[in-house]
Amino acid sequence: MSRRYDSRTTIFSPEGRLYQVEYAQEAISLAGTAIGILAKDGVVLACEKKFTSKLLDDDGSAEKLYALNDNMIAAVAGMTADASILVNHARYAAQKYLKTYNEQMPCEMLIKRVCDIKQGYTQHGGLRPFGVSFLYAGYDDKYQFQLFTSNPSGNYSGWRATSIGANNSAAQTLLKKDYKDDLSLEEACQLAVKVLLKTMDSQNLNGEKLEFATLSLNKAESAPESTGNEATRGPATDEVTHRIWREQEIDELIKKLGVLDEKKEEE
Amino acid sequence: MADCSFGITGKDFVLLASDQSAGRSIIKMKSDENKIRTLSPGLALAFGGEPGEFTSLGKRRLMGGTSNELAKRGGESDMIKRDTNNFVDYVERNLRLYQIRNNTELLPAPASAFIRKELANSIRSRSPYAVNLLLGGYDKVHSEAHLYSIDLYGTKAILPYAAQGLGIYVALSTMDKYWYPDITRDEAVELLKKCVAEVKLRLAYQFTFNAIVIDKEGVKNLPL
Amino acid sequence: MSDPFSINGGAAVAMVGKDCIAIACDTRLGSQSLGLANNFEKVFQMGKTTFLGLTGLATDVITLREDFRLKNNLYKLREEREMEPKTLANLVSTSLYERRFGPYFVSPIVAGLGKGGQPFICGFDLIGCIDFAKDFIVSGTASDQLYGTCESLYEPNLEPEDLFETISQALLNAVDRDALSGWGAVVYVVTKEKVVRRVLRTRQD
């Protein structure tokens, strides 16, 4: 039955479904988990690295975490190759906005832009949808810290804590249980590790299997003495910083948490 | 150069004033033309153009059209007005479009960047706009008042007080003398009146002025 | 009037020292003889130790600043590293030459420390011809005067503090002899360890 309705993305099935889009979502639920948690002083994104090998030539750059802009980072679940196309679009859109308005692009606007591209591929014939879900962490003056997800259909939504990829419903349940409103960034990082530990298949967690990124506010280094012309100096330099963690730092976080010990005790 | 406009900022307000004359060369055809436009609740601009540039750029624009079009467009003074008004309309509609699309108002700083970019692109196009403007706005997010001076080339300066057109010759020194960073609204209005008086005293051209004040409450007319 | 390079006025200069560079500009924005603003900086930081100076027609200064910021930011995002001064120089050159028959009226200068802290400075004409230099680069309406002051004050292998003094005196004394430059100045002294930004009080006339 479904064969007649899934070879083209543009065709609704009699039940009113778009099979290709659903397949894309299915593909994502096989990808490594990524979770995002909004804290009061920052946002953390954490994801599981599915493929680790001693032979892999690791250049130190993250596989599933991308900086989109000075004030935004994204985690990917799904097809990395598809993601990089969208990431390129997003980066260019953000820079073009900065050039036009001399101001960082508001987070939701950038996400909307990416989602419009995604949506296009659920409608135009002959092409498959992007097999990618994103987790976005961002900061802007109006809405402060924000966390969003988007999926292949082009829908997006804002969250306080959420997850995409494999076992995302299990992760979501755990997050719902442990999330508190006034979490600090550090506590959020710890929560992220705990949740990943429980949802990941592998037994022992280490920096090799995880990717971590945080977005936070840095108290601005003493403001420049001069008044400076905003016409040429650019937007008031936001103190937003994002950081993709090194393997070693993740290891330290795990060690500090002692989650592994807890686990051993449980066993 | 029958234009004259002023802008003065204080801590939480901006005053904009503009002459109300329309005409060409030394001839005044109108003295009740409003040359201040409110763009959004916290943003307004006073606009004018350069006459020399005007006619030459305007003519080039006309030469681009067919002779039929040329006949239809009517007198040159009309065309000049259309030039400036057209640009301001364009800006106003685009800012409104941004507001509808994104459900948020563009603040003065990004709005000034947008307007500057439009003029900078325009100056290198086949038919450039010849518009000088003073953009005043109140930034609700940062609780600050801003004043920008943008000329027909797209040169943008952020300034505490500014004059454009004939006013620069007679009123800038008045502003230099009396303006100070925490100037109150009443003092700023007084300063504006001093500038207008200076124009009346020193310029051969007879101007009438209208003015507005922009603050956190929005844009209000200011009787002079 | 008809020369776009001298409508708005302004000057910039860069110098090489011992394992350091300095780059400085005035902050005047004018419209012919009228001064419009005294906060118009013309030197922009493009990386930790890389700087771009732009003098000439102010609208083009702003436009190009925004354009190079876009290109530089995309480079940083895609390459996950900062642009070398040499790379920036070639980017500036090719970007300007794209407008060969309708150029931006600017005279850019680039200064920075390359890989391993190698000092690098260069200047350009309005269509992107690179002028590499070992000592100093000048640009703007006070460039004639700057050649004079730099020629007499500059000496090779200056330490950062001495380089700051040299470039400041060179700029200040040059802009004092130029009606279209001055109204404040900003100096950056760049070493491998840190970037020092100093705002100079100058004659305000």
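Residue numbering begins at 1 within each chain, and the chains themselves are lettered A, B and C in the order written.
Just so we're on the same page, a residue touches a chain if its C-beta (ideal position, glycine included) is under 8 Å from a C-beta of that chain, and two chains touch if they have at least 3 such contacts.
If you want to know which protein each chain is, UniProt gives these names: A = Proteasome subunit alpha type-3; C = Proteasome core particle subunit beta 3.
Bear in mind the structure is a predicted one, so any value in this text is a computation, not a measurement.
Legend note: the chain whose CA centroid lies nearest the centroid of all displayed protein CA atoms is C. Farthest from subunit C in terms of Cα centroid separation is A.
Our note on geometry: subunit B versus subunit C, Cα centroid distance of 32 Å, whole angstroms.
Centres computed as Cα averages put subunit A at a distance of 44 Å from subunit B.
Centre-to-centre spacing of subunit A and subunit C amounts to 39 Å, using the average Cα coordinate of each chain. Residue positions of subunit A with contacts to 2 or more other chains are 99, 102, 229, 231. Within subunit C, residues 29, 37, 39-40, 62 each touch two or more of the remaining chains. Multi-chain contact residues of subunit B, defined as those touching 2 or more other chains: 116-117, 156-158.
Subunit C makes touch with subunit B in their complex at residues 7-8, 29, 31, 34, 36-37, 39-40, 57-60, 62-63, 102. Considering their complex, residues 27, 29, 37, 39-42, 44, 61-62, 65-67, 69-70, 73-74, 77-78, 80, 184, 186, 197, 199 of subunit C touch subunit A. Residues 61, 67-70, 88, 91-92, 95-96, 98-99, 102, 224-229, 231-234 of subunit A touch subunit C in their complex. Of all residues in subunit A, only 99-103, 106, 109, 141-142, 229-231, 235 touch subunit B in the complex they form. In the complex of the two chains, the subunit B residues touching subunit C come out as 116-117, 119-120, 123-124, 149, 151, 153-159, 162, 168, 172.
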